[in-house]
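Below you'll find the structures, each written out as structure tokens.
Below are two complexes that have subunit A in common, paired first with subunit B and then with subunit C.
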Partner chain A sequence: MADRKIASRSALAGLAKSGALGVSKGVPGVRIREITDFAAIGIIARRGRAAEVAAILSRHVGSPVVDAAKRAGAGAVSITGTAPGQWLAISRGPGTSLDELRTELAGLAAVTDQGDGRLIIEVTGPRARDALAKGVAIDLDAGVFKVGDAAQTSAAHIGLQIAPIDEAPTFEIISARSTAASFWSWLESSAAEYGIDVA
Partner chain B sequence: MRIRCPYCGERSNDEFYVLGDADALTARPSGENAEAFHEYVYQRTNLAGLHRELWYHSNGCRRWLVVTRDTRTHEISDVTYASKRGEGEAA
Partner chain C sequence: MSSAGRLPTGGRIDRARPIKFSFDGRSMSGFAGDTLASALIANGVSLVGRSFKYHRPRGILSAGSEEPNALVEMRAGARREPNTRATSVELFDGLQAQSQNRWPSLGFDILALNGLVGGFLSAGFYYKTFMWPAAFWEKVYEPLIRRAAGLGRSAGAEDPDHYEKSHAHCDVLVIGGGPAGLMAALTAARSGARVILADEDFLPGGRLNAERQEIDGAAGSIWAATVAAELSSMPNVRLMRRTTVFGVYDGSTYAALERVNDHVAVPPPFQPRQRMWRIYARRSILAAGALERPLVFANNDRPGVMLAGAVRSYINRFAVTPGQRLAVFTCCDDGWQAAIDAAAAGISIEAVIDSRAEASPALGGELGKRDVRIFRGAEVIRAVGSRGLQAIEVRDASGRISSILCDALAMSGGWSPITHLTSHLGGRPVWNESLPAFVPGTLPSGMSVVGAANGAMALARSLAGGRDAGASAARDFGRSASDAPLPKADDEPATVRALWHVSGGRGPAFVDFQNDVTAKDVGLASREGYRSVELLKRYTTLGMATDQGKTSNVNGLAILASELAQPIATVGTTLNRPPFTPVSIGALAGHHRGKDFRATRLSPLHEWAKTHGAVFIESGAWLRASWFPRPGEKDWLESASREVRAVRSAVGLTDVSTLGKIDIQGPDAGTLLDRVYCNTFSTLAVGKARYGVMLREDGFVMDDGTTSRLATDHFVMTTTTANAVGIMRHLEFCHQGLWPGLDVQMTSISEQWAQMAIAGPKSRETLARIVDRQHDISDAAFPYLTAREITILGGTRARLFRISYSGELAYELAVPAGVGNAVAAAIMEAGTDLGIQPYGLEAMGIMRIEKGHVAGSEINGQTTARDLGLGKMMSKKKDYIGRVLAERPALAAPDRWGLVGLKPVDWTTRIRAGAHLIPIGAATTTANDLGYVTSVAFSPSLERWIGLGLISGGASKHGTRVRLVDLLRGSDIEAEVCDPVFYDPKGERLHG
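For the complex of A and B:
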């Protein structure tokens, strides 16, 4: 039998080529960066255990995690509420793992590995909000959707979670890897008129 | 129409899937009475006024909700998790 190697491949590999896209005059209005090295787990608290799970998550991330559509964590690890009693934990960086957290949650929550199932991108730039507003039907205004908030919603019929992670603003978007090509097609078309820089 | 999901906040109705009468399938009759069973499965009132209906937040938190809506005006007066409609069961 021939030797087979499994190669790590990012969700947008072959789709999003780095460089300039869309109109090119002056500063690009939208800058997009794919996060390629990360671990991710989905967490669903067992009935009646959400508060205990939230306490463990808070300890792990070093800031309060609540049972709501909020994103906690300013460093490599972030935890975002996705539904009542449910969260998505992400740890960024090559070779990173969430095994320790998974062990701590044993018996309290159902934990599933999502590391190979997600696309993570960051969208920033002076026109990032305008580009996203073409498909994300929630209020993205800085006065309403603030750092620490998060939303589970959709764009172009594709489910996603979105959170502003700084005041630039930079939006973190997490979506299913299986529909990453369709999502990219929507994002590229929506941002083209502002000029895009792909990191 | 916009629906205020208890978890996600106010969202466009196109993030949801609607199933209809929230109380239709709660009192199952004996299967031996064919007429009553037919009523239970197929017959629905088409009322003009306050209607409790099931909506699934498919492009959001993926929770089933009970939405109380006035079918004449689309005004929504209440939204709760469907899982709480029984015996006060936790979501």
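For the complex of A and C:
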């Protein structure tokens, strides 16, 4: 049988069509971009090995990774603390992989593929905070939730991981694939009054 | 533009922006800045509604959200909303309002006859009258009473507007935008603290907009506007107009309702009508102000009788005249101001009646020169007029009664601090005799109270209190609050002597206008033994409904105290609960209505199933493909039967992605599994799958599923769809709480993997066409219960499990969720010539019943592993959760209900799940109940109805006959009890 290349479908495929949504006058207050090419792995340190795992993660990402709700990494690879001794590593870009990191962590941590189960979007724009506050209960203020911080929280009863990744502000939001349609419905409805541009 | 009730100049209205609206179909006009109430007054409307019980004509009592009388139906069609307070509705172009609680018209109302028989409708009337016969209550009395008593009508159609929720965080939440609140917010904000100022009005300033007091030598309203502008310009401040903080909750959490677009006819596109805020505030400063108390005398509800502060609001803020000939009745200094302001506006002042003989001669200032009749130590004993005030009867200090003609009466019984929010967490207000009123007692953590809400009834004191509280909050956050000089203002005279009830007038003296509770009702309730304030409230309905007794509670308590001859402090007060003012259900629901009521989960094979025309069913949060109809098929059973035949004869593909999938790794993974499953997993060979049963601690079955071992320290567990989250939680609890020493790591991979079952005699042949050629899936290389990581379609990572729920040769294939649809499509294509068909939940359900597999109907929380015929799985060589309690004698009793198969004797008869098992010839009584039918299906393979059931004695009953009795649906069918495995009992097809 000949090998056949099969296409992967992103979590928001068919839902978030690029273009303008909501109020259409002036500069859109919220810009949304789905990240479609990425790999993600969940990492849980074996008992008593969290420090060693953090050290490997730090080396890999090029900046300190701590065992806390923080997001490290400014480039294609980022690592976010998701629970004590647990991290989510993400590598962005077409054809990307985290296999090298997986190999380094062998015996020190349980690693699971998670990229296909996730939706990743970036929400930015002058009204990004106002739109997100309609579901996210944590304080998104620039003085409180800073670049490098991350949180596990929820919006519209849907669990998510959120981190400000620049001071624009741009928020990276990671949520589950299965609820992507419901999540999108909430986000679109919440941002519509400010005008939305979908990349 | 001019109208009868509008003053030629003045007011905080925009005369350049006239606004058209209608009331009871009559076109009227007002100005931007009006409320509906002020615009009605401007148009000469004084009769606005009918009262709840007696249908008495009612006008406008107040100028704020405390209004008990002027309740109207707003808007029309699907946007219609009843019981809206005209006094807090901001006027907008095209506003439509209707009076309510009247028939056939506001002017002539049939049920006003209730007023004539008012003596019968006294406190507890309904309880006393509609008692017998008891059966009449639901069917006759209640509907009748409801029809007569209804306040307004709901829209009866879906609300076309959208509502939303939002969250805000701040250092200091200031509640109320009057002088104290503005001063507090300004002081805290200037220190750099994050401040939210929430004000229920559309114009910040509170009483400053309604009074003629000056601050820094200019009108108080100008100072308020200046402060509001400064606050608006500060990046650390959120000034929220039209926002009512209506509740205080634990953890310094506050709920607020922002009426984003209540002041327009239709919200602009994409904007919400209202927004519910949850505000997290480290400190809060309550500056909610005070409410003026009405005076209780005969016919005090006549349209034209108004609170004195409201009279000033209408004159000073809205430039409208509540009447041409005004009288004032007061027991406090503040009431006089209404006469002074009205006189300044050119209104004729007929009289000022102060109940205090000792009232200061200085009060009233210039009024004396205007030939105004001034009474000290006198009382208004009765209002005269029906649909509008015509005169008042005054009893002077010597007891002589005289009649004074007037069309408006301003009354003031003094002011009560708005302590509501201080009580939401249980704080009990305390009585302050000098006010006299309740002031805040124990405060919610982090809250301070300033201004009139704290009993500081005069302006200069309010400003000072606001500044101090703002500075103190700032200091709490380590910020230095510069001691900004206080704006210059005076304290107005504010002495008061309580006057709770004026007796002697003919006619009802209302305490609670909204519920038509009179002073007499309070007295009667007290004499009948309702001596606690809580009982008084419930018996008389005093303080209930939309206004929650804002204008009536203190008067009611005081009258009760007087009846009981006890001090008010002893009688106490009822505690306020949220919400402070009514909140629409739409705002509470926010985005979560219709399809967004809760999140829907879509399988990674959803698109594939849709392509094949699946009919979806909601299963928990999931949408699952139920069956795949083909043209010409008349119902689900026909489609599902065809799908079953395809699987049994060729091959089918179904989506099992919704099953819970848990990745379990670590050196102690096997140990953990041995402890949570009743059977053993540590001995499972790598590359093998095993069916497992988990028990609860109490010995009953919790869940089942297959778990496979991919490596020595790596297992993959599956759970049922319904328990996916619960089992993950259970395992986390076991690991963290029971055995933290185990080196095991668990994570949910439910979202990561799309999983599909490929089942049927041709499943291997189909799969072989997509599995990469280096992976041998022949029966010898990949026997039953093999589980391995493979690649398919040229390198796509996958996991293949040879397990079967259908009883056929079958596999489950897991692939990354992103390629789920594509892989399913590829398999369908590969199997086309082999006759592959998609099959859904219904077909799956039929096949599992044919095979006697248990599912949710049997694993129902009341069955043990033995009950389900799974007793042999319970290991005797190890300990596990549920082992000890599963051995309780009752759980091992031979007559316990056990799983069996059921076949109707007449094979053509349809049987129903839920039918009870009754011995042949026995009466259909609970005592004769042997069990019940848990699941039924029409088996296309056996061409007959079959069922699974639980019967006392279980397998020992095989071969006997029972009746399946369904009293609800009226069937009584004889059936044979048999082994639950109907199809391929030896399991040969699995190994094909």
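The definition used in the following text is that the second predicted complex is superposed on the first by the 194 of 199 C-alpha atoms of A that agree within 3 Å, B and C clash if a C-alpha of one lies under 4 Å from a C-alpha of the other, contacts with A are read in each partner's own complex, and residues count from 1 in each chain.
Keep this in mind: a residue touches a chain if its C-beta (ideal position, glycine included) is under 8 Å from a C-beta of that chain, and two chains touch if they have at least 3 such contacts.
Because the structure is a prediction, the values reported are computed rather than measured.
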Which superposed partner A:Ala69 touches (first subunit B, second subunit C, both, neither): first
Which of subunit B and subunit C A:Ser91 touches, first, second, both or neither: neither
Partner chain(s) touched by A:Thr124 [first = subunit B, second = subunit C, both, neither]: neither
Partner chain in contact with A:Ser78 - subunit B first, subunit C second, else both or neither: neither
Subunit B versus subunit C, judged by how many residues of subunit A each one touches: C
Contacts of A:Lys134 with subunit B and subunit C, given as first, second, both or neither: second
Subunit B versus subunit C as contact partner of A:Arg47, first or second or both or neither: both
First, second, both or neither for A:Thr153, with subunit B first and subunit C second: first
First (subunit B), second (subunit C), both or neither touched by A:Trp186: second
Set intersection of subunit A contacts, subunit C complex versus subunit B complex: 47-48, 86, 137-138, 157
Partner subunit C, residues of subunit A touching it in the complex: 1-10, 14, 22-23, 42, 44-48, 86, 109-110, 112-118, 130, 133-139, 141, 144, 156-158, 176-183, 185-186, 189-190, 192-193
Subunit A-touching residues of subunit C, taken from the complex the two chains share: 162, 164-169, 194, 269-272, 278, 280, 591-592, 595-596, 598-604, 607, 621-622, 663, 665-667, 714, 741-743, 745-747, 749-754, 769-770, 772-773, 793-797, 816-823, 826
Subunit B residues within the subunit A interface of the complex: 7-9, 11-12, 14-15, 59-63, 81, 90-91
Subunit A to subunit B touching residues, read off their complex: 47-48, 68-69, 82-86, 137-138, 151-154, 157, 159
